[in-house]
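Consider the two complexes below, in which subunit A is the common component and subunit B and subunit C are the respective partners.
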Partner chain A sequence: MRRLPVFWLPLVTAVLLLVVAEIAQRSGLFPITVAAPSQVWQVLVGNPRLFGETVVPTLQAALIGYLCAAAAALAAASVASLIAPAWTPIYRFGVALSSIPLTATTPLLVVWIGNGLSTRVLIAALASYFPILVGAMQGFRAFESTSAELFHVLSASPLQRLRLLVIPASLPLLFAGLKIAAPSAILGTILAEWAGAERGLGVLMIYALGAFDVPKVWFAVTASCLLAAAVYALAAAIEMRVVRWQAATVLED
Partner chain B sequence: MVSRPGLLPRRTGALSALLRSLSGIGMAIAVFVGMWALLVHQFQIPAYMLPEPAGVWQALLSHRAKLGRNFWFTAQSALAGLAISTTFAIALALAFINSPAVARATFPLVIALRTVPVIAVAPLITLMVGRGFATSVVVVTIVSFFPLLVNLMRGLGAVDPGMVELMRVCGAGRWQQIWVVRVPCALPYFFAGLRVAGSAAILGALLAEWLTGMKGLGYLIIESAELRETELMWVALFIGMTMALVVFAITSAAERATLHWKR
Partner chain C sequence: MPASIAVLDVIKRFQMRGSEVLALDQVRLKLDAGRFGAIIGPSGCGKSTLLRMVADLFEPTDGRIDIGGAPPSRLRREHAIGFVFQSPTLLPWRTVIDNVRLPLRIAGISESNAPRKPTDLIDLVGLKGFEQALPGQLSGGMQQRAAIARALVMNPQVLLLDEPFGALDEITRQRLNTELLRIWAESGTTALLVTHSIAEAVFMADRVFVMSPRPGRIETTIEVDLPRPRTLGMMSTPSFHAIEGAVRGALFAHEAPEAPEAGAAAGAKLQ
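Moving on, here comes the complex of A and B:
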């Protein structure tokens, strides 16, 4: 019974706020730069192709970039945990990559590799690499040293050690990184789309701003925020499944 | 704790340390430019990918009026935004320290502000406050507010409880406590926050100018990239990054200079 209000209260508040915004806009209380919720909804419903031309390309580039970043970060973290001297250089390189200000260098990357999909994928990957790397690197050594000794005493094979000790222990930290990185990939893609692309939410933002199309700007912004929140929620949902399974096996042991 | 007398007479050593770091920076720049020129020359890199240092220098000289104007615009908006966010952060942090009720009431709002992705809402800000100075200031304020607030709260709370106790025993008022004990203790934290906020402010200003597309270094970077004026783009990029680095260096120095309070 106590869990019900936790979920319902924000929802009711959000709906109420939307209704108030709608009424306030219709009665002219808001400046013309604020779109009514119904107008924003009309943007989505009135143009059947809009969703496929804005949300889908952004999501696609962000997803590819995110997966590339995850693969690269996991590989780098594995190398770092296997070869002790490589730990610091890999971490330093990650820090250097993350300290490149994407805001300043995205135009440069667009000049270098063009305004195709690969640029957006690269920028999404750059935006999401570091959190995943930190999560994976810390996760891969988060196992308890006593458990590691037990594996050693029982002469577990390296594969067994990896599968039964290192990976289960790494999951909470790994997912902490994966969760933070997911919205970053979306925002990085939008940034790349500002610098030049044919379709996507970032492109819609620029065009709608240029045309002073208030409902479309609001749609683009709302869709971006919702998309960023949605990928975070998705990562969190996967985490809940995976880490709960992990906790269950630990208890069985 | 061992007292370290070397900590206080820092002022005499500060100048030579500054000179040493300056010469280090100069050497690093020389090596960097040398390697850059060699790279372009050796591999015949086309100018649109990486122009020669001489060409970039030439662009700096021939576009200096334009660069100066846009630099000044970016610097102004970053400073104005930082001033606003610092004022708000100090006021809010003091309110939080003085009254838990205020903290409870406003902290969810602060967290909400924190979770808003600036890249996503910058178009809305542009739409509402117009294309120009105001958008830059609002974006800078948003990106720099949170690191300042967090560090100020941590700093104001990091004071030794014994000192506060002593102040109270001696009959100091609430504001006297804050001014004499909490503020000096909070200064290093404040400058650490300002270090993060300052770099974020420069980048936030670039981001806003990119979107508003009227003035500023961010606008210059994107415009010269689109017009394929690569040399100008590199100059603008370098100026933007140098601004962020200078802010970083100044605030780091201020943080170190105020650390002697926190022995």
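Moving on, here comes the complex of A and C:
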């Protein structure tokens, strides 16, 4: 019973909204700046290559950036939990990174590094790093203090403590961070594409806005929403496979 | 092999916000191998601290603890200490049987070489049929049973119990105490229980160590010569009441006798 809603709720909500938007547009409730979902669909059907030219490059950069951010955040959180004095600096550095106004710095980075994949990956990683870092850092200290005492009495090695206690106990918070960060990676990539790229949803947005091609703008908007939801769903799906004990129901009292 | 426990003139000081607090002062305690001891005292008297020092979770500031002729650190490294916490402290992502197996896993012992079979222990604590359940699916009492099975899987020389049923209701607690005595008798280990219930201490133990409040000291040691196996019926016998009275007397030895018009005096004391 628990599986279905988690997977399908975002999709069902999206479909419902599409139906409402279609009806509203056809009955003239929306201004001309809002496209009907059927018009948006026509954009893709009329030019199937658009998918490969926009959605795929954006998803690619976002996923690589997201994975880089996850790797960097996990490494930083591991260092923070192993070396106590490093905790506060690592946290503060994360706060500083996340408070950078990417809208202002991204064009500078594009000029500096160029408009290649690495820039988009970097921006996606910057946009998604902090939530993963917070999840991992809080997660690594989420075990109960008596559990730590138990592992001491059982004479566990530091590695056993890490593998059997610290990491499993961190998973619920770690996945919370991963889920929050997933849409940020997509939005970060689009921002980087705005600032300069050859292909991608951000490029399509700029182009379509300039041409006042309303259905294309809405195609880009819809596609980026679905991408963000898809990356979120991926993180949630992995979480459900890994963090099973949270679903426990009481058998007997 | 059960081991004797000897606490010899142990002093424990803690640093708290720059100032030093004397938690335990010259504590002496002796418990023969295979016996059941109970430490009783008011909240904050340091009885849990004392038990944790026996388990090598802390070291005494001064004095010595001796378990079967060895320091606690050696027993701990030999995986020979069983500890049951007030909260079950099960790992929520491991099934009941995997929680019971955890000490084996950490000691690097295969199930076939286990000092005690996890499945037998689950049977012994009355959790047969719940091997594959997750802790979150069990009631508090059942979780604590699993914790007891886990503490026994290495066939420990000493079993240390820190108010194991303190968070449970009176009825469950009484039933689990009776069962714990059965399990302990079957295991043959030395047991040391921390409690703040007079009746529980007398019902469970061969020897009750009465502690005074801060700084904690062993005020008196009271032998409980009630026959075993203990039954709930014994709790209403005159000899049980007499020992209870002795423990109570020792616990309140230093307090001013209450005036007959107790209401006003008690009210004043509460403030």
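General remarks:
Convention: the second predicted complex is superposed on the first by the 214 of 253 C-alpha atoms of A that agree within 3 Å, B and C clash if a C-alpha of one lies under 4 Å from a C-alpha of the other, contacts with A are read in each partner's own complex, and residues count from 1 in each chain.
The working rule: a contact is a pair of C-beta atoms (placed from the backbone, for glycine too) under 8 Å apart; a residue touches a chain by one contact, two chains touch by 3 or more.
Since we're looking at a predicted model, the values are computed, not measured.
By the touch criterion defined above, A:P101 lies against subunit B but remains apart from subunit C after alignment on the C-alpha atoms of chain A.
In the superposition on chain A, A:V153 makes contact with subunit C only, while subunit B stays out of contact range.
Of the two partner chains, subunit B is the only one that A:V217 touches; subunit C does not reach it. By the document's definition of touching, of the two partners only subunit B reaches A:L191; subunit C does not.
Within subunit A, not a single residue is touched by subunit B in the first complex and by subunit C in the second.
By the touch rule above, subunit B contacts subunit A in their complex via residues 48-49, 116-117, 119-121, 123-124, 126-128, 203-204, 206-207, 210-211, 218, 221-222, 225-226, 228, 230, 233, 237, 240-241, 244.
The touching residues of subunit C, counted against subunit A in their complex, run 52, 55-57, 76-77, 79, 81, 83, 85-87, 89, 91-93, 102-103, 105-107, 130, 133-139, 142. Against subunit C, the residues of subunit A that register as touching in their complex are 144, 146-147, 149-156, 160, 164-165, 168-169, 171, 243-245, 248-253. Residues of subunit A that touch subunit B in their complex: 31, 33-34, 101, 103-105, 107-108, 110-112, 183, 187, 190-191, 194-196, 205-206, 208-209, 212, 214, 217-218, 220-221, 224-225, 228.
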